[in-house]
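After this come two complexes, each holding chain A, first together with chain B and then together with chain C.
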Partner chain A sequence: MAGPSHPHAMAPSRPGKTRTAPPQMPASWWSHPRIRTYLLFDATGIVYLLLGLVALRVVWAIGSGPDVWDATMASLKSPVYVAFHVLGLAAVIFVGVRFFRFFPKSQPPRIGPAKPPPQPVILALLYVAWIGLTLLFAAILAGGIF
Partner chain B sequence: MSQSRDANPKKKTLVITRFDPDTDEVPKTQEYEIPVHADWKVLDAVNFIKDEVDATISHRWSCRMAVCGSCGMMVDGEPKLTCKTALSDYGDRVTIEPLANFPVVRDLVVELEGFMEKFQRVKPWVIRAKEEAGRPGGPRKSEKGTYVQSPAELAEFKQFSMCINCMLCYAACPVVANEPEFLGPAAIALGHRYNLDSRDQGQDERNQVFRGEGSVFSCSFANECSEVCPKGVDPAAAVNQAKFGAVIDWATSFVVPRGGAGSEGGE
Partner chain C sequence: MREFLLRIEPVIWLLFGQGLLIGTMLLTGWILIVGIAVPLGLVAPEALAFDRVQVLASNVLGRLVLAALVVLPLWKGAHHMRHLSIDFRGAERDVVVAPVVYSIAAIGSLAGILAVVRL
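And then the complex of A and B:
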């Protein structure tokens, strides 16, 4: 045992008569592949935060005139930004695939009188919607629509 | 205990957590090198040490067939039901610790009272409204007065009723480790099991518990509880279905009057 859990994890509301040792987590809790995947999933939040800041920078550039806008667009073509967006894409795909893997089982067996479709159907619908929306937004951003 | 079957039993070292509340400030470890047999479960090895090497070790066990849920321990850092975990799956040095995220009473024995309190909060029993007669949509009764349930209705919750309260899911859950108020996987799974029961009318009460302190929404869907569950209950599915139910219940509470069914019965 090494890493501490919260000192009151799973503690009773009133202490018992016997003194207890505080709850612990295994020293190697972080090294299990499943836990590492989960930590990676959590860490993608940092990538989204940075993507949000880039989006804010672009919004700020819109209101700052054509020169600032052109400079901002030029800077987004730098290798660093391109690499960062590739990282962002990888993070989105990773989280999407993980979320879609778990989402079907979070559907209750029935919602009122209605039953949700079988889990493989839900999974297929999620992927169809994801790919469809991606293509739609790509077409809009490429100027194909509007 | 299976003994004397192998002519030359292999030796393994078990590193076991020791804690005596009368003398120890913090838990320590003690190593035992013992002869092990090929068909031993981890529990067999701990029992061998208790019986033949060091009688002062404290641990819980009972049925030895993965039904009672007593013998959960951390084996090489992962929560395991030791009576169904083959010792041969591990190396020559195996670490045995008390379940993570629980206060330790002694050696491998953890404090269960906190779990029992969470367990009771979800009202794990069939709740019936006081007014039974002529209630539309209520469960059907047989001529003997028992409630009738179809196989399809049973199938909706049977998976979640298979929980043996071994608490491995609590030892695996990263939210339990950090949020003492969180109801936790097994308690929510059991509450959800009764919410899905066609005989039950206590969904309103339980959904209030699910939305209250230590709510189902603390779950970050790490899915670790389902990964370690030895009975295939899939508590992560129950917790996240309970989220869905709690949201629907909260939304419909604005348009559908509450009270009556389940609000006075059961306890």
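And then the complex of A and C:
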């Protein structure tokens, strides 16, 4: 078995004759709607990181006993937390809509012997999974089931 | 460091991609109930009473879901923040930014796994 491939294995041994500028964002990025949307998609990363840290705090509180848990739940009522979670919901829906639209296009033509289903089918399945999982998870958390 | 970052890229991308896919799917219901509905009183707070939450969270499936809920969004966030930095003329400072954001995600992930183990 061959060793791990070198990260620069695909780079040409010497620079080509054609001069190419290093890829960089134009200074007028704010006037390009497509670049703005792209950057907004990247910027949701800040929200996701914070959502992950808040989830860590909540999950940690379960293991710390009823008193810590009640205090944590009470702190989530602060307007700052509620506003952050509304922003978080907007970010998550934006990411879902945009990423699931790209997901079918990024599939390889074949996965081993299998061919992935047509792109509209993949997209529909993603939405079924997203909405279904959200309803199920929300129903469990809200006390509807279990 | 640049070479190291390239070498770990596939692992980062796996976690980042699952953060986009599974993280988004789990966070939607989580935020709706834990972040918004219960704090605003739209859902009775007894739904998230300690005893009920303890039972729900501490079985195997509950632990796995909560671990994914903490870990995957951290990597989605870290990788996107790194690329936001690169896009704003940050190719030079990437050797500092990438280790910082990935370290936050890695430490948070270990804490998240510990959090579900100690339930």
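In this text, the second predicted complex is superposed on the first by the 111 of 146 C-alpha atoms of A that agree within 3 Å, B and C clash if a C-alpha of one lies under 4 Å from a C-alpha of the other, contacts with A are read in each partner's own complex, and residues count from 1 in each chain.
Rule of thumb we're sticking to: contacts are C-beta pairs under 8 Å (C-beta built on N, C-alpha and C of every residue); 3 or more make two chains touch, one makes a residue touch a chain.
Everything numeric here is computed off the predicted structure, so don't read it as measured data.
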Touched partner set for A:Pro12, first chain B, second chain C, both or neither: first
First, second, both or neither for A:Leu51, with chain B first and chain C second: second
Which superposed partner A:Leu125 touches (first chain B, second chain C, both, neither): neither
Partner chain(s) touched by A:Gln24 [first = chain B, second = chain C, both, neither]: both
First (chain B), second (chain C), both or neither touched by A:Arg34: first
Partner chain(s) touched by A:Pro108 [first = chain B, second = chain C, both, neither]: first
Touched chain A residues, chain B compared with chain C: C
Set intersection of chain A contacts, chain C complex versus chain B complex: 8, 22, 24-25, 42
Residues of chain A touching chain B in the complex: 1, 5-6, 8-13, 16, 18-29, 31-32, 34-35, 38, 42, 102, 105-111
Partner chain C, residues of chain A touching it in the complex: 4, 7-8, 22, 24-25, 39, 41-56, 58-60, 62-63, 65-66, 69-70, 73, 76-77, 81-82, 84-86, 88-89, 92-93, 95-96, 99, 103, 129-130, 133-138, 140-143, 146
Touching residues on chain C, where the partner in the complex is chain A: 3, 6-7, 9, 19-21, 23-40, 43-48, 50-54, 56-58, 65-66, 69-74, 76-81, 83-84, 87-89, 91, 101, 104-105, 108, 111-112, 115-116, 118-119
Chain B residues touching chain A - in the complex, by the definition given at the top: 17, 19, 21, 24, 26-27, 74, 76-78, 95, 97-98, 100-106, 110-111, 113-117, 156-157, 170, 174, 176-180, 184, 196, 220-224, 227, 234, 236-237, 240-241, 243-245, 248
